[in-house]
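Two complexes are shown next, each including chain A; its partner changes from chain B in the first to chain C in the second.
The block that comes next holds the complex of A and B.
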């Protein structure tokens, strides 16, 4: 059985940055396993720009951003297996993978990097009632058809969900000559970045219907229309507002779910809120030597953050392989999502293992204005700041400076919460 | 060409009749109105092989249920179809309900069902721990099981075609005439002639029957909606869990599927529109509430999909399998609602007997092969076998559907088999590509590409399920 120091699962932005970082930190025996025919991951189909503002100081398109890393991977001579699907990770870090040329193979890894990204929530999971015609796509699948295959999935479009992918596709379909009739969003606020609402909807005159959802799908062979209704504050449809909207295409942008079939099968401890693995400050999961980064851990808004997170994970994986990683006796504090917070990553923090770039990432559970963000252990406030506005669609972070680490004790939990100003 | 027998309808009923006929020397043809086989009730039902205590003793349903149940193991082995005889429980929540269980038990005895017993709450708890502790008694039937109903239908049609039966798709029968001792079946595309005509038209059995002037029964469609939960929920119960049946049907069941999902349903609503396979929010809630009575703790957040099927219930209440009073060479095989799936192999034999009685000569073929060419499924094979397979055909090393582990090799194979897939749903039913958690989000573009390539058609012409269900509009600018 082949033995490799670091096996990276996924050659998207997370996997590539992690592999490059591990290399920079002294590891040479690295293998990236990627199921698609090229590196880049989901970025390959994100042809709009806006990537890399923080990392490169430029606004690149997805493929351009990905290419910068793919180039480095090649220059560093990091081995990649493309068109290869990982089937299994065992508890002792044996990877089973398959491709057309080598068949089913087993690889023993010293360390594993999980960079599988995420998948989209679909109509089936939502249980939208009605018929089952052609013409219903998740936004990402439609994006693949348009940007990679070169086909238009529809001409008269309704979009459910104002997350970034839905907003981006509203613009994309319009640019290809389709009529996007509306974007419906069940919450009273949009889930996407403000800049996307402006650049994708407002600039094109596409109506955004907040507190609206789709309660029926009509059409036998191909979609003919949907029934749209307003919802009350408990997100229950108000039947008297039901309206039939004619369309031939429904795009769903209703949530991303970290891909974790492999993690679950390996017995890795999962976080029921993020739906990704529980990780510590070194991006290590509950399975020793198995690290994770990117959307597989929690869904990011900015690929720049994925890159930074992956660089940290790669560095820590390298240290682990070289035997200089975090010590066994490291006492980790749990991070807790307090008032107004949906989740915090990492879920475990050991102050001795914190680095210069260590951060706590979190998302809020609603739109709040004029609030204070507080991180505290018991009564001791480690950090606080004020913000004019926070929303669930924009991930926030707290940098864990050395001074913060210094004030952390060995006991208790780090609670991140929102408080009134 | 004068066919000996034309079978109208390629559901599980038509499929098994065709397969049975293909044992004999004659020209048989299946005529199907949709773009693929198995497009009706056979692809949207509870997938249960019933023990046979439900049906009224003496009815055709009762007889053919029990015989079909006995034949199912061998049929599934020959056709390479998954089948698990896991057993079933009908739950009773009170003493008075227990009496109804006794009724069912006695009915079962009269119908010839073996392996039944009435068990108490502690035995229920031991057998299926996740069943509600309110369940006081249950009728246990060891001969019940679960199957893949569309794979069964597809397997039977494939085997029939391999043994010489012709299949005509996109051929809706518009008119039937009887002249010079021959039926002339007009599909709008062509006129087909045959000596015997079998009506296996499911929801439209009465429509076809009227074409020969036989209005002796009416089909009353009854919709059943279902909910399919994730494979993580599939181990909630290890047996089919029923509640007491009512006049509307067998009630809401909770069952594992052969693929490891958890299936809940069906509802029962009479509908007028035979094409109305819509689901509704209120019925879904009703099904969940009803199912929780049997199994309180399944997790509905793990919803994979929901769907509905229409039962082709005959106004007579029983199967109608007999020559038409108007024309004895026109054989009805109608009203095949539950336990139609279980009865299918028996219905096949029984129908051929009827044809024989009506003068059809049966001379056995010497080269009839009951074994369908086995399907190589990546997810079922071990590492050694897989590597041998991939060396021979590298496409079996390219995973297209990662949720269900379906390879390009399997997809290409299912398109190129007899009665092969011609659209995305056809590939889905034959390989499971698209049935997993992401519901085709990842694999659909690839499946469309493979279909276009194998069928030699442009991507824009690939459909979801035939006719006008195109997936793509055009190329981009």
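The block that comes next holds the complex of A and C.
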């Protein structure tokens, strides 16, 4: 059985940055395993721009951003197995993988980096009633068809979900000659960036129907139309507002879920809110020597943050392999999502293991204006700041400075919450 | 006849609501912006709205069917669909290098369409 110091699962932005970081921190025996035919992950199909503003100070397209890291991976001579699928990770860090040239292989890793990214919620998860005609795609699938395979999925489109992927595809389909009839959003606010509302919807006169959802699908072999209805404040459809909208294509942009089949099979402790593994400040999971980063841990808005998170994870994985990682006796405090907060990552923090760039990331559970963000252990406030506006679609962070770490005791929980100003 | 128009600035996440007063295609006043970048954005939007165009072009002789491309500068908004027609009417042969010009001076705008991926 082959032995490798660090096996990185996933060659997207998370995996690439983690591998590069581990290399920079002294590890040479690294293998990236990627199921697709090239590195880059989802960025390869994100042909629009807006990536890299923080990391590079430029607005790059997805492929350009990915290329910068793929170049580094190549220059550093980091080994990659493409077209290779990881089937299993055992509790003792044995990786089982398969490809069509080598067949099934087993690799014993000293450390593992989970960088599998995330998947999309689909129609089955929503349970929209109706038959199962062709013409219903998740926005990401449609994006793959248009941008990678060169196919137009349909000509008369309705989009459910106004997160950035839905908005980006509204523009993409329109530019390729389709008619996007509307974007429906069940919440009373859009989850996407204002810039995308302007450049993807307003630019093309595509109506955005807030507090609306799809309650029926029509058509037997091919989609013929959908029934759209307004919803009340509890998101229950108001049947008297039901309206038939003719279309041949429905794109679903209704949520992303961290991809963790491998993590669950390995017996790694999962967080039921993020749907990713529970990680500590070193991005290590409950399985010793197994680290995780990127969308597999929690879904990010900016790839720049994925890169930063992966760089930290790679550094910590390197230290673990070299025997200079966090000590066994490290007493970790739990982080808790308090008032107004949906989740906090990392879920465990050991103050001795904190670095200069250590941060707590969190998402709020609603749109709030004029709010105070507070991180406290019991009565002791570690950090507080004011914000004009926070929303669920924009991840926030708190830097854990040395001074903050210093005032953390060994007991209690770090509660992040929102308070009135 | 002076006309008032409101728009949301997209330059930074604040998204100021900016009110513009226009008199026969010329701007007479701008208010509501917190910085100069917002004023510049609104000026451009009202006089010559432009957008960076990103799309894909068919490639022959490569493993992939399509190659991602972008305009190296923003193009006038009203030319977006015509530019798309130009790009879709073109195809390119592999190999292609990142940044290579695939359509020079598209529709005489002075803007080049460049590849955003290297392909063997």
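In the analysis below, the second predicted complex is superposed on the first by the 421 of 421 C-alpha atoms of A that agree within 3 Å, B and C clash if a C-alpha of one lies under 4 Å from a C-alpha of the other, contacts with A are read in each partner's own complex, and residues count from 1 in each chain.
Just so it is clear, contacts are C-beta pairs under 8 Å (C-beta built on N, C-alpha and C of every residue); 3 or more make two chains touch, one makes a residue touch a chain.
From a predicted model like this one, the values you see are computed outputs, not experimental measurements.
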Exercise for the section: Could you tell me if A:83 is touching chain B, chain C, both of them or neither one (first, second, both, neither)? Expected result: first
Practice task
Once the structures are superposed on A, label A:146 by its partner contacts, choosing first (chain B), second (chain C), both or neither.
Solution key: both
Exercise for the section: Tell me which partner A:294 touches in the superposition: chain B (first), chain C (second), both or neither. Expected result: neither
Problem - Comparing the two partners chain B and chain C, which touches a greater set of residues in chain A - result: B
Exercise for the section: Classify the contacts of A:115 with the two partner chains as first (chain B alone), second (chain C alone), both, or neither. Expected result: neither
Practice task
For A:194, decide between first (touching chain B), second (touching chain C), both and neither.
Solution key: second
Exercise for the section: Kindly classify A:176 by the partners it touches after superposition: chain B alone (first), chain C alone (second), both, or neither? Expected result: both
Exercise for the section: Mind working out whether A:225 is in touch with chain B, chain C, both or neither, as first, second, both or neither? Expected result: neither
Handout entry: Contacts of A:15 with chain B and chain C, given as first, second, both or neither
Key = neither
Handout entry: chain C-contacting residues of chain A that also contact chain B
Key = 146, 148-150, 176-177
Handout entry: Complex contacts: residues of chain C adjacent to chain A
Key = 7-8, 10, 13-15, 51-56, 58, 63-66, 68, 70, 77, 80-81, 84, 88, 98, 116-118
Practice task
Spell out the residues on chain A that touch chain B in their complex, using ranges where they run on.
Solution key: 35, 83, 85, 87, 98-104, 119-120, 122-127, 129-135, 137-138, 140-141, 144-146, 148-155, 176-177, 215, 220-222, 248, 261
Fill in the blank from the handout: Counting only contacts in the complex, chain A reaches chain C at residues 37, 44, 47-49, 59, 61-64, 67, 146-150, 175-177, 193-195, 197-199, 203, 388, 394
Handout entry: List of chain B residues in touch with chain A within their complex
Key = 227-228, 275, 277-281, 284, 303-307, 383, 386-387, 390-391, 394-399, 402-403, 405, 437-442, 444-445, 449, 459-460, 463-477
